[in-house]
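Presented sequentially are two complexes of chain A, the first with chain B as partner and the second with chain C.
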Partner chain A sequence: MATALAQRQAGGGVFRLPRWLAGDHPFPWLAPLTAMLLAFGVYPLLYAVWLSFQERSRVTRQFEFAGVRQWATALADDRMWGALQTTVVYTLACLAIQLVLGMAVALLLDADRRGYGLLRALMTLPLVVPPAVTGMMFLLMQDAQFGVLTYGLVQAGLLDPTQPLLGASSTALAAIMLADVWQWTPFMVLIFLAGLRALPKEPFEAAAIDGASPVQAFRYLTLPMLSRVIAVAVLIRSIDLFRIYDYVYVMTGGGPGTLTETLSFYAGRIFTLANFPYAATLSLIVLLVLNAAAMLFIRLTRIRF
Partner chain B sequence: MHGSVATRVLRDLAAWATVLLFMFPLFWWVLSSFKPYTAIFNTTPIFFDFTPTLDNYRVTLAGASRVGLAVERGGGVGTVAGGASSYFSIPSIVDSIIVAVGSTVLAVILATLAAYGLSRWEMRGKQHFVFWVLAQRMMPPIAVAIPIFFIFRDLGLRDTHLGLVLAHTLINLPLAVLLMKSFLDDVPRELDEAAMIDGASRLAVFRMVTLPLVRGGLAATAVLCFVFSWTEFLLSLQLTTSIRTIPVKISTFVTSTGTEWGFITALGSAALVPSFIFIMLVQRHLVRGLTLGSLKD
Partner chain C sequence: MSFREHDRKTFIADSARAYAQRRIGKREFLRRMGLAGVGFSAFAAGFLGGQRPGGGLRISKQALAQDSGPDPEMMKWLAEVGRPFAGTTIRYTSEATPPTIVLSQLVKDEFTAATGINVEIEIVPLEQVLQKATLDVQGQLGTYDLYYLDQSWIATFSPDMEDPRAYYDAKPDLAMPGFDWDDFSPPLVDGIAKFEGRLVGIPFDIPIAILMYRKDLYEKHGLKVPTTMDEYMANVKAIQAAESASGIYGTTGQMRSGHYSLECEWTIWLWGNGGSIFNASDMFSGGDEEGIRGLEYMMELSKNCPPGALTWTWDGQGQSVTQGIAGQLVSWGEFFPGFDGTDSKVVGLMEAAIPPTPTRVRPSSEAGFGEIPHIGHQGGSTLSLSKYSSNQEAAWLFMQWATSKDVVARGCVLGGGASPVRLSAFADPRTKEAARVGPGTTRHFPAIEYTINNMMGSEPDFPAWAEMANNLIPVELGKYLNGQTKTAEECMAAIEGPANEMAAPFRRT
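Up next is the complex of A and B:
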């Protein structure tokens, strides 16, 4: 050991790599990741920004500089505002439902008795179903002719059989949200369960001795102690909700009309129509709104990674 | 917590009812995959009153033609509609495996190296770097897909396995980096330093001391990357045409002449098997993975 140390200190051989490459510097460890993110993360982003200032010439079919025309078009585009509104409504409604339902189910499953481990494991299964398949699952159950959910609702007198769930303007967005709630409420359950199981026992015992009701214990002990967990869950879920694409593509294709068209989906549709500069502009709007909201949220809640 | 027997039974019932309700869509999906054509489309939903059949699996996974199956049963060729061969999905499964395995390996290697760097050294701007990595995750897939479509076209990567591997790696990296960093942070730095005083090089320490200690975390990271790539839809849809991963393949079964629910549910059910197995194996690390390493489990 002593000789090895001595050799290291003496510097050994004739040729030596610079210290930052020889191993005791973080640079070589971070370089591959940074290169990958620059090549396929930053460069595409700059490319998208460049694209959003272009337009396709009617004559040469080449891109040419168009100033802020695409952005001006977007700001004056009623369909963009409609899609933005749909996305916000979708995000907030799903978030609220998944938060409340997720907490309720987590409290229900937070027990050490026999069988609860299995129940918790089963709850994680929806998370790994491909979202496109989840969309299909609910499409199958919500079919107007043979859907089991449609049948159940009609039998219960809750649904007019002439109004298909996904075709009627009053229920189409809710029908998509049902798929989202099914798939992602387990995400909230799982995170809240981890938080609940890590809580110390003593404050709850003390509160019980002092005669606090379970509701009071939840309001004044559980909720404040889980605040960080809740903040992280809300942040991650909101980011994913705001980018919603798969369910809309599979279940309604944005219809009826453009009623369930979200911002990501609208951008995707314009992309398919080969209006690339405008598609890039729309996708950047998704990114801008999302980043601003996420940054504000992280600032307010002081989350650190 | 010490309620009467009645409240305890009530709670057990509520817990089981809730979980079973959440399991119903999966149950209905798998059940439908074993139904004959007419049972799926019955206006009154059929639960168990049908003869189970493997026909849907034989068409999607074994390449049987639907016409052949009808003839086998004594019906004529005219009794079925639509083509057959386009529902054979083994090539899609192979595509999905190549892309998922490729992007998992690449993401895990890049992320583990970077996470080691981030967890072993203090440096200026570290929080900013980590946030920058995380910010990549906020990119909506559509905002990634549009420019990458052009870049891949110029590089000749459009509609190749490698292209999709790179795209999925990009999306997976933030999760993998933050997750591996949180696992590596649990291994005390003193351990590395002690081994280095004994004369081992940094790389040898990493390979022989640190890495074996985070094997579990490595497996969990790999599983989450795999599952993400296995289930990803938008990038696969927009960046490839001849390569079709399973979710994209399934969406093509919705045709203008009708939706092939039998084949959709069969392929869809088969695609769930690897994800379910893997996720059960890394159950313990799931929370940390889903929260991008920001919470310890």
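Up next is the complex of A and C:
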């Protein structure tokens, strides 16, 4: 079509498109996307790598080549290892809760009874709230003096009123996780629901005729048939969880001490303090760990995209 | 003034007074203002209902309606001198503090109307101002023409900002007549705006630590206003013991781990117990005898705070008093007008006084990096002019207007009794008139004025200080308050090594 257009235009004497543009070569169609990838993907990555080999002088504020010093500093930085550990704990715990809870709610909502459509639609509501706003909501609900959640837990005898949820070392991380679970479990529900609704009915009917219980049907039919969907959901959520920043920033600022300081949050704090090379190094560590974990997961679960 | 105009103004003033005295609600007040043709943005309306706790940002309704309006002479001068810059847009980034909020309300109707210069005011959290300023000066981009610079960053940004005094002298055709540089409190100029003898900006905001206490509780329990550190602690414990059953704590705090507010809390008690952050050799000295005593003092106070204090920054601290759950505190004076605000549960119950006398005050000569130890911690800020601005002259006009006698004095009333950076603001009839119980009160101004002149404490000035004060120190203090670090000595030791390493390039000896 492009060729025909060029010929018609050439015939009309208006202008002639360059041959490479008028031909069937894929380059013109790939160029915009490639340019965007280079500008917004490759260049920032290369810049971060370059930064990680620099050092910002506190005196001159100029970047100076520092070799692998930032990487060595990071590997010897107890705070970095602590943040990595917190990130891993946070990711695994949230993932487990959201996976189980998401599957349970999806199974409950997988029906065509009256009102279930509305319930499924309502599940999307938490997803449209910006995470920072969610963090603020939970910050207020968990406030030691004025929070409704704190009040409820204290009244139920589940919380010591002298121990603020977000200020006590034993509960601070769990308190942040609560916000994450509230906001992102519906995401799992929606993915699992989509998977459940797409399952064929025949195997389940056959199993029912053979006398299989609902638990057996779930164990031997639903789970295996949903495994790819589950794997994709886990992969997407894991990547998102590993980069957790908003809730920590709003709710605890990494505290008490550094107990809720995740790797992304630590990198962000260092960035705010203008130590760009070290912040870039920490960000690259996030990237490397995340990529390695994701590749391993994809290999183990044999996901094909 | 026509009769019609007179009636309208009287109606506005009466409505404002009725609202301030809580005879009518916010809805009714806004309805009446609508009838009178006064428009409120959603932003301003938010402040009518108390958004940020502590009250520093509450605009007094009464003051808003009864504002005297701009100085006509200054407006005339602005119109003349600003004409060549009409159509220019200047950008300013700041934290949401009272003077900036006031400017954002006045700028369009006064400065822009007179000069034709548009002003974009970007209000973000304090740490983001630091981030934006850092990125801007790193690339010398000139994205912002003006900055709100916290006193703890002055050394960091000193090379990137014009010296306003030198600029004033160098540009006589743009110099505001009667600007009166001597009207700025000298301790403020030294503590907030100067680095190595050079002005980095013009003092613009002055939150300073004063004593604020519940008069009713003091009377009920026969307590007297504390004049020493021991008396202060005794009062805290007495209130805690007597009132904890009714949900009132002895004191309150801004002790969120990792936040700059915790560093501010610490320095009040460090300096109040005779310590300093650095010694004369520019080495960290928070771990010496006085330093340990100061930290343990703060730890003792934290045990008499609402549990939430460990998760609060200054916002939560001010809010806790407003909600009536704390008996006394030494903290930012800019909280005080909010205690008399419309959403407060302690209207007329709080009193302001000068802080208790420190156990000992370490002389500045025995401290390092220009640190001035004293209990009245100042958290002031400057309005600073970027060297990289491409609209410097237009921005300079705005800067002079924003820090002029007229705007500072009116800002004290409009901004809810905050930021008297000029001496004339304390004596101004408008601020004196506002010294009564009610929103936007200036009842606390005498305590502020005395503390500025006699008890003001200032943090060290050196380029690595911002990083230290916003990360290293509050993180380690947070660990101590939370029990992750067991002793005060251990906490200070954890700060000492990195602090000395960060300070090393700037050490004079």
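FYI, the second predicted complex is superposed on the first by the 279 of 305 C-alpha atoms of A that agree within 3 Å, B and C clash if a C-alpha of one lies under 4 Å from a C-alpha of the other, contacts with A are read in each partner's own complex, and residues count from 1 in each chain.
By our rule, a residue touches a chain if its C-beta (ideal position, glycine included) is under 8 Å from a C-beta of that chain, and two chains touch if they have at least 3 such contacts.
On a predicted model such as this, the values are computed, not experimentally measured, just so you know.
Shared-chain residue A:L30: touches chain B; no touch with chain C. Once chain A of one complex is fitted onto chain A of the other, the partner contacts of A:G167 are limited to chain C, with no touch recorded for chain B.
By the document's definition of touching, of the two partners only chain C reaches A:R61; chain B does not. Touch criterion met: A:N291 reaches chain B, while chain C stays clear of it. In the overlay built on the shared chain, the residue A:T252 is in contact with chain C alone; chain B does not reach it.
In the superposition on chain A, no contact is made by A:A206 with either chain B or chain C.
Legend: residue contacts after superposition of the two complexes on their common chain; A:Q145 is shown touching both chain B and chain C.
Look at A:S264: by the touch rule set out above, it reaches chain B but stays clear of chain C.
For chain A, the partner touching the most residues, choosing from chain B and chain C, is B. When the two complexes are overlaid on their common chain A, residue A:M123 makes contact with chain B while staying clear of chain C. Annotation: chain A residues 145-146, 271, 276 touch chain B in one complex and chain C in the other. Partner chain C is touched in their complex by these residues of chain A: 58-59, 61, 143-146, 161-164, 166-169, 252-259, 261, 269-276. Interface residues of chain B facing chain A in the complex, by the touch rule stated above, are 8, 11-12, 14-16, 18-19, 22-23, 25-26, 28-29, 32, 40-45, 109-111, 113-114, 116-118, 120-121, 123, 127, 129-151, 166-167, 169-170, 173, 177-178, 197-199, 201-203, 227, 230-234, 237-238, 246-248, 250-251, 254, 259, 261, 264-265, 268, 271-272, 275-276, 278-280, 283, 286-287, 290-295, 297.
Across the complex, chain C meets chain A through its residues 127-128, 130-131, 134, 137-138, 256-259, 306-308, 310-311, 316, 320, 323, 325, 463-464, 466-467, 470-471, 475-476, 478-479, 481-485, 502, 505-506. Listed in rising order, the residues of chain A touching chain B in the complex are 1, 4-5, 7-8, 23-30, 32-34, 36-37, 40-41, 43-45, 47-48, 51, 105, 108-109, 111, 113, 115-116, 119, 121-134, 136-141, 145-148, 151, 182, 185-187, 190-191, 193-195, 228-229, 232-233, 236, 239, 242-243, 245-246, 249-250, 264, 267-268, 271, 276, 279-280, 283-284, 286-287, 290-291, 294, 303-305.
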